[in-house]
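Working notes for the structure below.
The chains carry the letters A, B, C and D, assigned in the order they are written, with residues numbered from 1 in each.
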Amino acid sequence: MSKVNLNVKIGNLTLRNPIMLASGTVGYGNEISEFIDLKKIGAIVTKSISLKPRKGNKPQRIMETAAGMLNAIGLANVGIEKFIKEKIPFLKKHDVPIICNIAASTIEEYVECVSMLEHEDGIHAFEINVSCPNVKEGGLQFGNDIKMVGKITEKVRANTTKPIIIKLSPNVSYISDFAQAAKKEGADAVSAINTLVGTAFNIKTRKPKLYNITGGLSGPAIKPIALAKVFEIHRKVDIPIIGIGGIMNWQDAVEFMIAGSSAVQLGTVNFIDPTAAEKVLKGLTDYCNENNIEQVSSITGSYQLD
Amino acid sequence: MSKVNLNVKIGNLTLRNPIMLASGTVGYGNEISEFIDLKKIGAIVTKSISLKPRKGNKPQRIMETAAGMLNAIGLANVGIEKFIKEKIPFLKKHDVPIICNIAASTIEEYVECVSMLEHEDGIHAFEINVSCPNVKEGGLQFGNDIKMVGKITEKVRANTTKPIIIKLSPNVSYISDFAQAAKKEGADAVSAINTLVGTAFNIKTRKPKLYNITGGLSGPAIKPIALAKVFEIHRKVDIPIIGIGGIMNWQDAVEFMIAGSSAVQLGTVNFIDPTAAEKVLKGLTDYCNENNIEQVSSITGSYQLD
Amino acid sequence: MNIAENQIDEIIELEYNIHLFKVISPEIARKINPGEFLNIRISELAIPLFRRPFSVCDVEDDCYYLMFSTMGTGTKLLASKKPGDFIDVLGPLGNGFNIVDDFDRAIIIGGGLGVAPFPYLTRQLKGKKEIISFIGGRTKNDVITYGLENISVATEDGSLGFKGNVIELLEKELDKTDNIKSKIFACGPTSMLKALKILAEQNNIDCEISTECTMACGFGICQGCPIQSSADEDKYLLVCKDGPVFNSKEIIL
Amino acid sequence: MNIAENQIDEIIELEYNIHLFKVISPEIARKINPGEFLNIRISELAIPLFRRPFSVCDVEDDCYYLMFSTMGTGTKLLASKKPGDFIDVLGPLGNGFNIVDDFDRAIIIGGGLGVAPFPYLTRQLKGKKEIISFIGGRTKNDVITYGLENISVATEDGSLGFKGNVIELLEKELDKTDNIKSKIFACGPTSMLKALKILAEQNNIDCEISTECTMACGFGICQGCPIQSSADEDKYLLVCKDGPVFNSKEIIL
């Protein structure tokens, strides 16, 4: 059986394989490292880091929906200083590329965060979260405003030489327009998708089930939507795409690559099966071997529309 | 036990109860009338009618997803003439208010359809479908263009005295802006939501699973998203809302009403359980009785945000 | 058509992981005809969301039989049911085989699990018409002969009977046929039905085929199961309502 | 913590629809402490999506016990399992009760199914400490006394024991207590825990409570289970990782 080349290039970033762990779904890698060997994973994307620590929203923060979940964590995180001091050293030990996801409520804050991390050699790339649906400032105000997405990209680009990935909101009419804006301003790649805005009410109390009222929908329920967004970007914009949304197994990962993803991220599945990433990687490798695929990257965008 | 008043007013339209059957999920009422007593239902919304008959898309037209389905029927319908001649007489026999859903690829076509039906006394209202994701012309080009939605509403309004309901696309950043545009041009109500754009690929053949490539996602998977859209419109725009999306049982119907819906439509559930509408109506009535709710309409928008 | 909870009376395990459910329902047993089907809701939860269609395999007194193997989520869950459990059944649905026609010999053709409707058809024809059955599969493990009569077998790998596909076998046998008025009843993979349609029409034999496709509703309201009409280019027929059994001349495969 | 398929050895049905599963796992039986929990994936399908958390109810040799009643989708599916079936178990998780402290009397307080962790705690304390158990429920059908010792009962409708809630009962009994150094171990509805927290702190009794909330991961990666720290206004603790057992002074309910 021939050896598959699992490397993927995402702009200037080369990863040993296309399986990444999504922001906010593995914290800073600590707990999940008891279940999987981080050395084998393509990259780990940190929980969104903001300049100052954030306590996050009050409970109820999460709930289950049909084949999905709503979350309104509210970007709870330790803040950038503690991240540098405490979290990076741990991750460096594990020999896994770290992509630092950054959230902010002003352009200046994004820039400041990036600048503070620019010389941290443990950080391989930035994923700029312009699309968190669960915070009052920044979040969707940014993610749904194409000019703002362009401007954030431009300013971040001006302040780092590391690869930049813009994480796009799916809560828009044409996500490819946003990918185009990101590309134009120098982004190396886009991640698609973040969660979709959703809500739920308790019919006894008539109160929202989440303290934040609305939350972000993730999990298998959103997979068809995420695939359509990835496909739309792939058809319209020439930029590497990291596919995210409802991936539960290797078949889903392959489907996202066929639809146009250069790499994929696993999110919600980590909560259900923290060993999923290794299983997906094995399944993908076997798929390549069985189908005589020498370069995993050749699957990207290989859809057949006749 | 007190008798609940189930009547709801949707602009100029009064319905005996808020449970309606959604467009495209019960054809023209024929088959479903073998399972439920149409006399008991609030209203039936016809499959989208277009000026000329449409054959619809080639198969594969439907597929199952996690707690949802993708469809790309492509507005297969008998065309307006045959609808008038063959379908209206049947529905009139059943004593159920008919809301005629209209799809078109030009503004003129909408106007022509409405004019042809204006004097059909069997038709109680029009639902204007500006949001079908599965056709090349019209569909999302309209539904995602706020000016177009305004213009269509304006022209239709000028040509009918019957109530007009605009069926909105969820594939937009802020659905309330579209509701506002519809209201401004004289719509009596909005329906939310139509299906979300989704897709799926066969990982063996790498072909799309649907002939149309993308389809519309419906069913329980989309319920949280639909609820958030209804809630957004209710908070921002003063217009009656007909809630749609993933309703499977009476609890879901109540949740949609709490979130801001004056009435609801059942879609995908009709395929799984064609008796669902009667069950939902019974459950809703019992809920009112048990909670001493005298007017079902008082549930609308009764969320408690403290 | 009707919706009801039907109780499973008995489960019979055939060779090669084929399950046979004997289900109690005097209503369905009385009404259903060979080639018609039932649409079964396998779980109360939203996965699997759609009902799953199954042919009536046979009828005996107040019971009907279902025959299936595990393909995916739905059939796996169904296979975990026990005697005494209830299943949520919608039916009878669709149009079955037309056996009141004027013919003297029934040629039954089944590929793989496509044999499912034929035990019941065989029961109804037995003693009235001559029956010949041609059963095909990839290997001998795909050949199901339960409830059939006068069987010739074809396997693609030659592990049982004729080596080749079942239509090639039929063609070989057809050359020898006499003047007895025959009618073909077939069910199986679309590739098989396509080849058969050509053969039947070339030889001018009346041919009814049972088609398959993904279904949501099973009774004509979702428009999810179109099949091209050969009479009218602008028209799709619905597999669930106009079929699943069609005369081969009615449709384009 | 670890993920494994554990086999159900035996199922015991207690009164009032309480199920007791005896599950084989030498690893978990060896490692787990009273108050710790297991997060169980009940179906391979995406409904229910989340694992469901259950306290370890007891441990015997190579087996542990789970105690539950059917609340919704997950517990209903779990209740349909049979001896011999496997369940997908993640654990042991969380921090349990601290019993190495200096105390002589354990006051155990359980409301409804909140008694679940206490058979195991009782087993570990028996013979070493004095044990008094106060068990409450809405009616007598909610009172579960399995595996407990020295029990006083309170029901809100008075159908068994003291009429009132279990904290009122405790308060009444506390007045009578002597100078024996006591520690409270409690689990039950949040309203009960709130009242208890006040009572314990007023009476200066050390008090550990096991809290409950919706969980996705159960091991600290989703941040879905925050509970307010009383030491630091800007800090949430995580029920799954820092708890589920907390000293009542650590948290604000």
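In this text, a residue touches a chain if its C-beta (ideal position, glycine included) is under 8 Å from a C-beta of that chain, and two chains touch if they have at least 3 such contacts.
If you're wondering where the values come from, they're calculated on a predicted model, not measured in any experiment.
Peer 1: Going by the contact rule set out at the top, which chains touch both chain A and chain D?
Peer 2: In this structure, the chains that contact chain D and also chain A are B, C.
Peer 1: How many angstrom lie between the CA centroids of chain A and chain C, rounded to a whole number?
Peer 2: Taking the average C-alpha coordinate of chain A and of chain C, the gap between them is 47 Å.
Peer 1: Nearest whole angstrom, what separates the Cα centre of chain B from the Cα centre of chain C?
Peer 2: Inter-chain centre distance comes to 36 Å.
Peer 1: Distance-wise, how many Å sit between the C-alpha centres of chain C and chain D, to the nearest whole number?
Peer 2: Their C-alpha centroids are separated by 54 Å.
Peer 1: If you average the CA atoms of chain A and of chain B, how many Å lie between those two points?
Peer 2: Result: the chain centres lie 34 Å from each other.
Peer 1: Where in chain D do residues touch two or more other chains at once?
Peer 2: Where chain D meets two or more other chains at a single residue, that happens at 46-47.
Peer 1: Hey, what residues on chain B touch two or more of the other chains?
Peer 2: In chain B, 65-68, 219-221 touch at least two other chains.
Peer 1: Among line, ring, star, complete and other, which one matches the pattern of chain touches?
Peer 2: Chain contacts: complete, every pair touches.
Peer 1: Which bits of chain C are touching chain B when the two form their complex?
Peer 2: Touch residues, chain C against chain B: 1, 3, 41, 46-51, 90, 213-214, 216-217, 219-227, 234-236, 241.
Peer 1: Using the touch rule from the top, collect the residues of chain B that touch chain A in their complex.
Peer 2: Result: residues 65-68, 70, 144, 171-174, 196-201, 203, 205-208, 213-215, 217, 219-225, 227-228, 231, 246, 251, 254-255, 258-259, 287, 302-306 of chain B touch chain A.
Peer 1: Which residues of chain B touch chain D once you look at their complex with the stated criterion?
Peer 2: 66-67
Peer 1: Under the definition above, what is the set of chain C residues touching chain D in their complex?
Peer 2: 45-47, 73
Peer 1: Mind listing the chain A positions that touch chain D in their complex?
Peer 2: Where chain A meets chain D, its residues are 24-27, 30-32, 34-35, 47, 53, 55-56, 58-64, 66-69, 71, 73, 76, 219-221, 248, 268, 270-275.
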